[in-house]
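One chain, chain A, appears in both complexes that follow, with chain B as partner in the first and chain C in the second.
Up next is the complex of A and B:
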């Protein structure tokens, strides 16, 4: 079966695509840290950061609609956590409503926190989309390894990337087989079937893991993870790093005046 | 003649105590193509896994005169190229290049040498230009070819293939058989695809319930219909 890529658009070409994965990893991490740490009252900073990320998205020639759609994925999670804050945070009341027996009121402070969480989450996800859509997953793994990420974690991520679609295929085949045999009936029975499917999937994955390990042994694997290193910093990386650092610092500089 | 494989009275039990192989004795000569045929669950794959020491039974197996022991494992795994039945298990790296380079890198070759071997192996199987592709975006036939390239990159002297033609359409199957015929190494092929066996191997053994029940010239075995029928290989 054909699946889309985890790292869609990463095989295109733009100045951002050509940067060293390590440059992009460090830049993304710094961006996220700073966005999370800056208080929401400095809203000017967020405007600057948003324009920074939008500018980079334009330079990287990613389709805007694709980026927007992907970035919306984060909202259900954020809203699930943050939607109740305006109701519980005490402070100046923005509005209150009578709903049957309860009196519900919303505070300004709560709304501010909600806006804070949502806008920060959105900025962070945008930067991650930029990273993952301009860097091939394999390059990203190499970058992580060179930045000192433990080998075992890099290995696990690389197996995940390789086998996630094999597993998805397996689930789809199991579902087709199940539906071809008139899946339905009582809720409880359905749940039991799904439970059995998950168990089967686990056992199959476990057995596949054993076969893969045998295939690795057959080609001389001895527990040591080796690879050729094919990364190099270019002048463009240094320029990008400096420019990006300055852009991140610009709100602080502006505040001084 | 030079002996490529020498097995004497090999027996093997699965972890749950079931007997998988019983008193297997077998000699394979250099530059010979041997077929191991037999019904499902006969122990074909289990036998193949003994050839490079992934399974170890009770007796000593010699590969090109070298006993399969802990201290010889690295050398034996370089000499014996084992191609697994499901290329999805054999190809575990994010790109084709990484997969074909896995063996050579483990053998400690230099970067130049690794790249040379990868290019050479992919050329042999007709997959040059696929280096940066991800294995899960290849067709089954392409995956099989890359899987063979992953072991050819080690320049094996013995190529062991488990069901090389399973899941292939006739065209991919025959082009794979043609490829295998052209590789100048000793080959052991486990299969129940009798067309493949006829086209590739001079000698055949039949394995059933973990025992060698027949051995001989491929044509004489394949023409012995009652024998094939008795072991689930003919209708």
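Up next is the complex of A and C:
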């Protein structure tokens, strides 16, 4: 198996890794919601939140370079927004440039939107990286189930997670076989090859699903999956929750005084 | 097309979550009725299949590459409700494991790629297959068309969410995003038609799963 890229770092050990997944899920969701709600003009709040996230990333002992690289996922979206910025016509003009035939003028309103979106998106993605790199996926699923996600979805997700590794292996083998047979040529031909590969993969996956179901039936599956592990909400979770809540509320408190 | 957090406003994101939760809850019921306890292993493996299929990149232009989204494929092969369930699971894993798409924005992403895309493509394909008179070529064309449309419609829905949030201006973003995805969608359509053609030739019985 060559897919270490799935679920990296989530089996390490740190105070953050040891927290209950529910604590982390609720904290992340609250963090993201508040970051999205705060207007960018309160930039002090963003500085506080950034330092909060950076502190947690340091405590969790995640490699900084890995976190930075991961956070670049939002880059294509940022680029797309940036392209549309000059088209916001309202507001004072910050500067205008001649690019070949077009006259492009950029307004402060447009720049504000870009700053707003980029800073919010970056904070949110950092918190999401923190969540998913410190919690095993199976733990996350347990947390989601206890937080009210439908049982069926959680079961399907846990199966999906198991078989992702198997099917990703399968795809990698198929790709290797394809590449060793001189893959290339006209674009339509390439797409046809990929279509055939995905079709084969579908048939194999479907048949695998049926075999798995038969094997489960043979072992007495009745629609219920029982697990021995229980989640437990510890004192550390309560402390973390209170501290995190205070940190989230701190910009509002600072504004009051 | 996976919207990260921060790009759409809180009201839009929360609305997306509510709509997605309602639809998915119904989809669970609908597929459970159809396949019973077989639902769990089959949906799980097929969601993993869509995930794995997305790893096969193809070159687009200027050094960039794209991959299959798979919403249309899932809907055509397994029906709109099962397709919705599969795409929801794929999007949840992409969000929680790869940070592809935000946590609060997950609802909006499910609405775009899991609900709108699957339903549009399923009914376009059904309609096309109905009018085809059983001719293989016409069925394949309607499958390809459905997949192309699913990409364009999902992109348009994404633009509208961004416009309502005040992130992009409608007048420029709609034609730009629509146009780009109309091009990307061609590959999705061609691959989907290729997959259908292979399944028709080898396991035609699997094509009646959606009914």
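Assume the second predicted complex is superposed on the first by the 245 of 257 C-alpha atoms of A that agree within 3 Å, B and C clash if a C-alpha of one lies under 4 Å from a C-alpha of the other, contacts with A are read in each partner's own complex, and residues count from 1 in each chain.
We take it that a contact is a pair of C-beta atoms (placed from the backbone, for glycine too) under 8 Å apart; a residue touches a chain by one contact, two chains touch by 3 or more.
On a predicted model such as this, the values are computed, not experimentally measured, just so you know.
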> So, A:74: does it touch chain B (first), chain C (second), both, or neither?
Replying inline: second
>> Between chain B and chain C, whom does A:51 touch in the aligned arrangement: first, second, both, or neither?
In response: neither
> According to the contact criterion defined above, which of chain B and chain C contacts more residues of chain A?
Replying inline: C
> In the superposed arrangement, does A:219 touch chain B (first), chain C (second), both or neither?
Replying inline: first
>> Touch test for A:159: chain B only (first), chain C only (second), both, or neither?
In response: both
> Looking at the overlay, does A:129 come into contact with chain B only (first), chain C only (second), both, or neither?
Replying inline: second
>> Per the contact definition in the header, classify A:176: touching chain B only (first), chain C only (second), both, or neither.
In response: neither
> After superposition on the shared chain, which partner residues are touched by A:36: those of chain B (first), chain C (second), both, or neither?
Replying inline: second
> After lining up the shared chain so the two structures overlap, which partner does A:227 touch, if you call chain B first and chain C second: first, second, both or neither?
Replying inline: first
>> So in the superposed three-chain picture, is A:167 touching just chain B, just chain C, both, or none of them (first/second/both/neither)?
In response: second
> Once the two structures are fitted together, what part of chain A is touched by chain B and by chain C alike?
Replying inline: 137, 158-159, 161-163, 166, 208, 212, 216, 221-222
> In their complex, what parts of chain A are in touch with chain B?
Replying inline: 2-3, 5, 137-138, 141, 158-159, 161-163, 165-166, 208, 211-212, 214-222, 224, 226-228
> In the complex of these two chains, what residues of chain A are touching chain C?
Replying inline: 6-7, 28-29, 32-33, 35-37, 70-71, 73-74, 77, 80-81, 83-84, 87-88, 113, 117-125, 128-129, 131-132, 137, 140, 150, 152-153, 155-164, 166-168, 170-172, 175, 187-188, 190-192, 194-203, 205-206, 208-210, 212-213, 216, 221-223, 225
> Hey, which residues of chain C end up touching chain A in the complex?
Replying inline: 3-7, 9-10, 13, 24-25, 28, 32, 36-49, 51-53, 55-56, 58-59, 68, 73, 77, 85, 88-90, 92-93, 95-100, 102-104, 166-169, 171-173, 176-177, 187, 190-199, 202-203, 206
>> Using the touch definition from the top, list the residues of chain B that touch chain A in their complex.
In response: 49, 52, 54, 74, 77-78, 80-82, 84, 86, 88-95, 98, 101-103, 105-107, 111, 114-115, 134-137, 150-151, 154
